[in-house]
Every structure is written in structure tokens, then in C-alpha cells.
């Protein structure tokens, strides 16, 4: 395959998955070991990402922060997918007043920008890691409802669905055998993209201070705590942010490769 | 005539949306844990007496039945009265209108940047060849994948501390507007360039493009006269949602650049459980959404003669 | 001296891996009308695109020359070709709906040719466009010029495109299947306009078509293409009357014609086993109501008071133009739609009374063959699974032996059963669809334009297959078509639909030779005629 972008993306994701699964293997230094001798050291061989104001190894903190960052995004994206797909399926298959009601609700959700919706949810639920995931999931659910419903409505009018009905296939079997498999493609593509969006959103909420409490840190909180050292210790914000960018970019590039097929 | 009737009909259909938005913000207040009366009285010197509490509760109408509270809230909201900030005691409307101009200035500048560069990159991606073309196809994805807070920090690092071109904080003058606006615009540029680029590529495969070329039209004529207008509907929709997203992204940009504005007001309201302010912001967003959507729909009608008020959606 | 001389033209797609033209010659003299005839995949559209320099980017010209007025067009490059297109050679494209820009008034689209080539000022171009539209048959051209494509009918749109093609006063017009997207009666009007205008202005015309009748009626010279080569050419009387090449002979033999007779089963001889009434349709009416929230309710009567009967073993053809309500009748007959009023009695039982499981069981007896064989098959399943699906659904024998037997019945090679629809040709897909339809052993087969999306030769095979199956299985057929020549070959009786109503019904011989109703006469006179006809 002559797809360097896809290969690179897979490599990045493999690294991220390794960070999530076995952080201790990649970064043996404990992320919270304070070392007053190496405070605010720029990147070096011993500390590839430099050290923070307490002399903690930033590389280790970034590697160990992956788990929280990625799992929150993954949980949020999955929850959006499941809820959105169910709502979209019900609205698309049943139609009528229920469809109208659900879609108006989706309209109201879409009237608010995603980040503000998430903030509102956190405003109600309070700030915690779980609530960040819930907030991101709520903000991401509306596009799924729309796409799944549109797909179902589109596939339902395809002649092969009528053909299956005429062939005596039961309505439930038409749904399972013909409608859902043919509607799934764009939805799964959207899932990949929304994983990237969820990572951006959850790290932004962490950055704003609604994420994990110290000493725990994900990429968003790491970037946030480096804010005071912009101009003096650029690495403190650069590397955690770069991890978010690379992971999102890898997911998005995969999404594009999948969508193009 | 046709357009006037169209605007009226669209405005009428906006009423349910607004009611829904206001209802949502009322429900939000009910869902929030904690007692607003306690919050308001806490920090004000000695512990409040039950009488003080009762008085405030009555003053806020919180001792009335829920449905009365709801309709009271709606009636007040229609008059633009959202009460006072729990935190500062300032009327919500004046708290919002104090910072709204700064936010509007920022969002507007960012919107202009997004449109100019988004459309520019999309068009360039169609006519350019070689590495420039690849760049125009790749850049939008990078822009969309970069979190706003990081953009802001990198911009400050590079343009404020290294190059010292623009101030890192504050809202003094045009210079202070540039970096926050770029921060807001970057993802929007990415999305607009990507969506418009995809639509332009799709239109290029249409039969009427072949017809135009068969008349002898050149590449630019085909692009500007035939492709761009036909490809613009999804982008117009997108610009509508972009306006809201710019305001949302302002939460981060205004925090990092320490600018006063709606974003920071919202963030403070959330951290302080300042529900009346939040309700005011939500209502403002609802109105904005309705206005922006009306403009978007009007653009549809201007761009595509097939669109009529009856079948504007779907 | 010739105007256009194509010599040894070789073109391929996908970087040379898929050859499209294998050394094609074509000569057009000044003012001459040349028809290029062939089936899909024969290379006729690629030839047209090459002459205009509008090949898709995946195509490469491998050799040959295209001389036009003494210049080799292949050497001109994009900039040079831009000056030629619209000015010296212009195009009348295939699908008038897709070929017009939906957001630009039609007058401006005609004027564009003049503006691009600097033939007129902005205001002059606008005025000339109105004149051109007038010439192209718009009496109210001034009003029409300001309208958008969606406000015009299909035939009007094609006349706009003809006006645009003539605007630059070209020496040559290439018309690529200019009427295949139009109804037969409209087709005739548009072709009349096109040929008359080119003749009066002395413009040469290359008419690309799959329809031998059109070629025979309109061209002075016919070029027959097959598999990227010219297999035969000459005056239409000679080529179509006494074809030399086997491919031409097959094309001519397969072309349906009003002069042909009903096909008889090759297995059992003439079908005579027409029995008692199987299907009795009375006062069938379907009104569609748009119920979108906020929009004014619109009621569209698709089918109005339609009545007919079909006897066992009989074929009834429902004929009409697009929008006549044919497909709606088909969907009503298999209960994909519910009738607004009227009764459908099948074997004495009222269809409207059937619900749920009862309805599902009824479907075993009435099956539908769809118009587009690609879209009516779920792309995710193999031909085997698709044929087995109705057998399993009705709890019938779905063994491999039974599926193979069905495949053989529709002459589908058993080796193809493991393929998915995307890996099969249109004709093969339609065979799968027909096998599915006959699998549960129905009494009635409703065929909705079963062959109209297929090439002529494939169409002929499918029609023969249907006639054979009818004879061997004793099926009744409701055969829906817009093509009277096709209907001639399969129908025992004909019902003519116009705007949702049956305007004439009777035995095929009578309706197709001595029609009563003016609409039937219009439909019949629109069918292009081949010069010869002895029964094949």
C-alpha cells in the first residue's frame, strides 16, 4: 500500500495505545516523582520532554496522562454513538410524531455550540472526570441522531428494501439484514471522526479545570498547568498539546482514508 | 413580497425554538444541585437568619408553585429580565451587555478571517497543482485537529514572547485582537475549507460543468460562475453553526488571553453556580441561533432559486 | 473535403489498462448528419468526448489524429481547445436536467457561449440569447430566458441546450444521446428541432445514439461501433437493411419494433393457455398527500379510477410516459403502497384486507421485478443468498440444489452465484432479480420496466426469458413499459395510462395497430422506425 499517511497514523495510534496499556514500560520514571535538582529543565536526553516546576519528568507525565485522556474520549464517543444511533434508529423507523418530537429535541441541542453544552452539563453535574465524559457525550449525541436517521430514511427507500419485503422477508429481518448493515457505513465513519472531536473537547474541558484533580493529570490539565511558564518553559505546554494534536490528527486521517473508500 | 412573507414565516417558526431554549434553561436551574438562596447569602457577613432566607426566597419567587415559577420566568425572559447575578448582585442584562461588545468584536473578526481563508484555501485547492494543492488539502485537517487552548499558547509563545509583535493579554486596541481572533478562526478555517473543497470537487463531476466546458469556458470561469455557487449550500449551513462555535471557543481564548467577554462570563458563572447569568447567556444564544438561521435561510434563497420557503429544510 | 476526420484513434482509461477506443476512423463532411450507433461500452461517448477534448482525467489518448478543418485537435492543448469548443464544435449533452446549471437563468446559460468567445457584449448576448431561444421553439422566449432550469420541462431544457449549442454558430454539433432521458413523444419533437436547425444552418451533426430507429430516421450516414471499434458504416438503408457484420446484424435483430410480433416461448410454442380471471382491479385510486410540518398540504393524484383484469397465463401491458402512474400501479399491486380507493381482487380475495402475517404469505403469489436490477439487489449479499432469501422467508426448500435449479431456469451460470451484485453485469443482475421473483412460485409477476435500463441485446434476452418463464411456469404478467416496441413483443393485451387514468385498453394487436385514443396515437407515432422488418 502506498499510503504513508495511513501508516503514520497507525504508528501514532499504536504509540498512544501503548501509553494507555503499559505506561510504566514506556516511561519507567514515576510521573509524580519530585526532583528539586532538575526543576524546569528543557528537553534533554534524560528528560526527552523536559521537567516541570517541581522537577517531575514531563515525558512520564504525558505518557501516564494518556490513559485518562483517551479513555474519557473513548467513553464519551461510545456513549454518543450508542444513544445517538438508538434515537436515530427509532426516529427513522417509526416516523410520525415521535420522530418529530425527537428531531425537535435534537434541533434544540444543535442550537448550542458543543463546548457550551458541555459546560452547561458540567455546571449542573459539577466537575469530575466522569462528568467531563458525560458532558462531551451529551454534546456529541445530536450529529449521530441526525446521521443515523438520515441513513435509515435513505436506505429504507432503496429498491432492495422493497424487494426484500416483496420476497416475504419479515419487517424485523428486513431491518436487521438489509437496513442496518447498509446504513452503518457512514455512521461508523462518523464514529471515528467523533472520537477525535471528543478528545479535543475533553482535553479542552480539562484545560479549563474541570478534569482530573492533582496529582492526576491528563493532557489538557498538563497543558493548563504549564500556562504560567509560557515564554520561559515552552515545553510544558508544547508536548502535552502536541500529543492531543497528533492523536486527533491520526484519528482524523484514518477517518478520511476510511470515508474515501 | 415573496421574501417579506418568507421572513415572517421563518420568524413565526422561530418562536417554538425560543420557548424550547428558555424552557431548557428553566429546567437547568431546577437540576442544579444546591440552593441558590444559600449561595446568595453565603459570604455576606454573619450566617443568615431563617427570616432573611425566607424573605429572599419570596423576593425571588422561589416559594411559588413550579408552574407559576415557569410562566413567571418566561414572562420575565420575554421582557429581557433574567434577574440578578447570584455572585455580584448586578442585573444579568447589564452584566452581559457590559462584555458583549468585546465578544462581538472578536467573533466578527474571527468570522471574517475564517471566511476569507477558508474559502481561499478551498478555491486554491481546486486550481493549484503540485505541492500547493497537497498543502491546501492537508492544512484544513491539521487546523481541525488542533485544540484551541494549544493554538493560543503557541501563538503567545511565538508572537508575544519571541517576536513581540502582539500583546499576550488584554483587550487594548487592534493588536490585542489579532491573536485571540486567529485562535478562534483556525478550526473554523479548517472546517470551511474542507467542506467547501469537498463540495467543489463533487460539483466538478456534475454534467453542467461538462456543458460549461463544452461552451469553451475556462477553469476559473467554471469554478467561479458554475461550481462555487452550486457548492456553497453546505458551506452556508456550516457558517451558521460556526458563529455559535466561535462564541464557544471564545471561552478558551478569552481565558488564555485574559480578555473580558461572554466566554469568560459564562465560565465564571459555571464555576460559581451563577444560574441567572447562565440563563441569560443561554437565552442570548437562543436568539442568536434564530437570527443566524434566518440569515442562513435567506442566503439559501439568494443562492439557489429552487429553494422556497416551503421546502427550505432537508 | 471533410470537416472532421478521425484517424486510427486509440484511447484508454485507468492509465492504459482499460482500452476504450482501438483505432477508430470517422469522417464527417460539411453539413452532414452522421449517426454513431452502439451499445453501452462500445466507445461512442468516449469518441464524442475526445473530439471535444473533454475526456476525463483518467483517460489517455494513445494514438491517432482528430483533424478538424485541417488542424489536428489533439495537438492543440487545453487553451487551444477552449477556443474551439462552443465556437467551432459544440455539444448537446445527454441528460438535459443534469446538464444545465440549476442556479443560473437559462438565457444566461445560452448567452454564456457568446460571452466566453467574445462574440457579443453583455447586453447583446442577452438579446441574442432570447432570439436563439425563439428559434429553438420558445414562443415566449423573453420570459423563458429569465427562468431557471427547474421551471422548465425536460424537453424545454433540451431545447435550451440546443440553443446554447447553436449560439456560437459552430460548424459541427456533437449530440450525445440527446433524447434518451426524455419521453418518446418529447423525444420526437426535440429531434425534429435539432435536425431542422442543423440542416437550415448548414451545421454538421454527429448524433450518438443506442437507438437504431433514430439513426435510421435522422442520419445520412451510419457508423456502427462495438467494443471500441467501428464494425460497419454506410448509408442507413444499406447498413440497417442488409448488415454485413455479425454485431450489426445482432443489433438490428434485437431492436424491438412495432412491426415485430409477440415473442413465443422457444420451449412450448405459442402460449394459448389463457384461463380464468386471476386479477381484477376496480376503481383503483392513489392520492399522495405531502404532510410536511409547516408546509401547505399538497394532494397529488397518481392513479385515478384504474380498472383492468388479468387472466391466468396472460400478459397485460401497462403503457404510458413518465408520470403516468405506471410504477404506482405496480407498487399497489404488490401492496408496497396502500390504495386510497378501489379494490384489487386477487383470485377472488381483496388485497386491502390483508394484514401482517397474512399479507406476507400473500406475497408468495404475487412477485415484482424492478426496473433497475442493480439497486433492487442488496449489494452486501451474494447472488446465491439473494435467490435463497425468498425461499427461506417463505419456508420453502432453500437447498443449494434448488437455488442452482432456479439459476439454470433464468440462464444464470451457476459459477456466478458466489458473486455480489457489484461484480455482475446489468443483465446478470436482472436474471438474479427474476430468479428471486419466480423462486416462491408466484401466480402473477409484475414487471416494472424490467428491461429499460439494459442494452438492446440484453433487453432482448431478458424479454425472451420472461416469455419462456411465463410459458413454463404458467405465469400471469403485468408488464409495465414506456416503450411500445417492447410491449409489442410481450403483450397479449394493452392498457394505456395517461396522467393516472387508463385512456384505452384492448388486445395488443388492436391497440398497437388501430388505436382509438389520440394519446395512444401520439405514443405510437413517436416510436422511431427501422426501414426493414421481417420477423426475426
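Think of it as A, B and C in the order they're written, each chain with its own count starting at 1.
In the analysis below, a residue touches a chain if its C-beta (ideal position, glycine included) is under 8 Å from a C-beta of that chain, and two chains touch if they have at least 3 such contacts.
Note that the coordinates shown come from a computational prediction; the quantities given were computed from them, not determined experimentally.
S.K.: By mean C-alpha coordinates, which chain is most distant from subunit B?
M.R.: C
S.K.: Which pair wins on C-beta contacts, A-B or B-C?
M.R.: The comparison resolves to A-B.
S.K.: Which integer distance in Å separates the CA centroid of subunit B from that of subunit C?
M.R.: 50
S.K.: As a quick test, compute the distance in whole Å between the mean CA positions of subunit A and subunit B.
M.R.: So the centroids are 22 Å from each other.
S.K.: Considering subunit C alone, which of its residues make contact with at least two other chains?
M.R.: In subunit C, no residue touches at least two other chains, as defined above.
S.K.: Would you pull the subunit A residues touching subunit B in the complex into a rising list?
M.R.: Contact set of subunit A toward subunit B: 104, 107-108, 110-116, 119-120, 122-124, 126, 196, 200, 203-204, 207-209, 220, 223-224, 226-227, 230-231, 234, 237-238, 241-242, 244-245, 248-249, 252-253, 256.
S.K.: In their shared complex, at which residues does subunit B touch subunit C?
M.R.: On the subunit B side, the touching residues are 13, 206-208, 210-218, 221, 225-226, 229-230, 303-306, 310-311.
S.K.: Spell out the residues on subunit C that touch subunit B in their complex, using ranges where they run on.
M.R.: Against subunit B, subunit C makes touches at 52, 54, 82-87, 90-91, 93-95, 98-104, 109, 112-113, 116-117, 148, 150, 161, 164, 168, 292, 294-296.
S.K.: Considering the complex alone, what residue numbers of subunit C touch subunit A?
M.R.: 293, 331, 334, 336, 360-361, 363-364, 367-368, 370-372, 375-380, 389-390, 393-394, 433, 436, 439-440
S.K.: Which stretch or stretches of subunit A touch subunit C in the complex?
M.R.: Listed in rising order, the residues are 100, 158-160, 162-170, 173, 177-178, 181-182.
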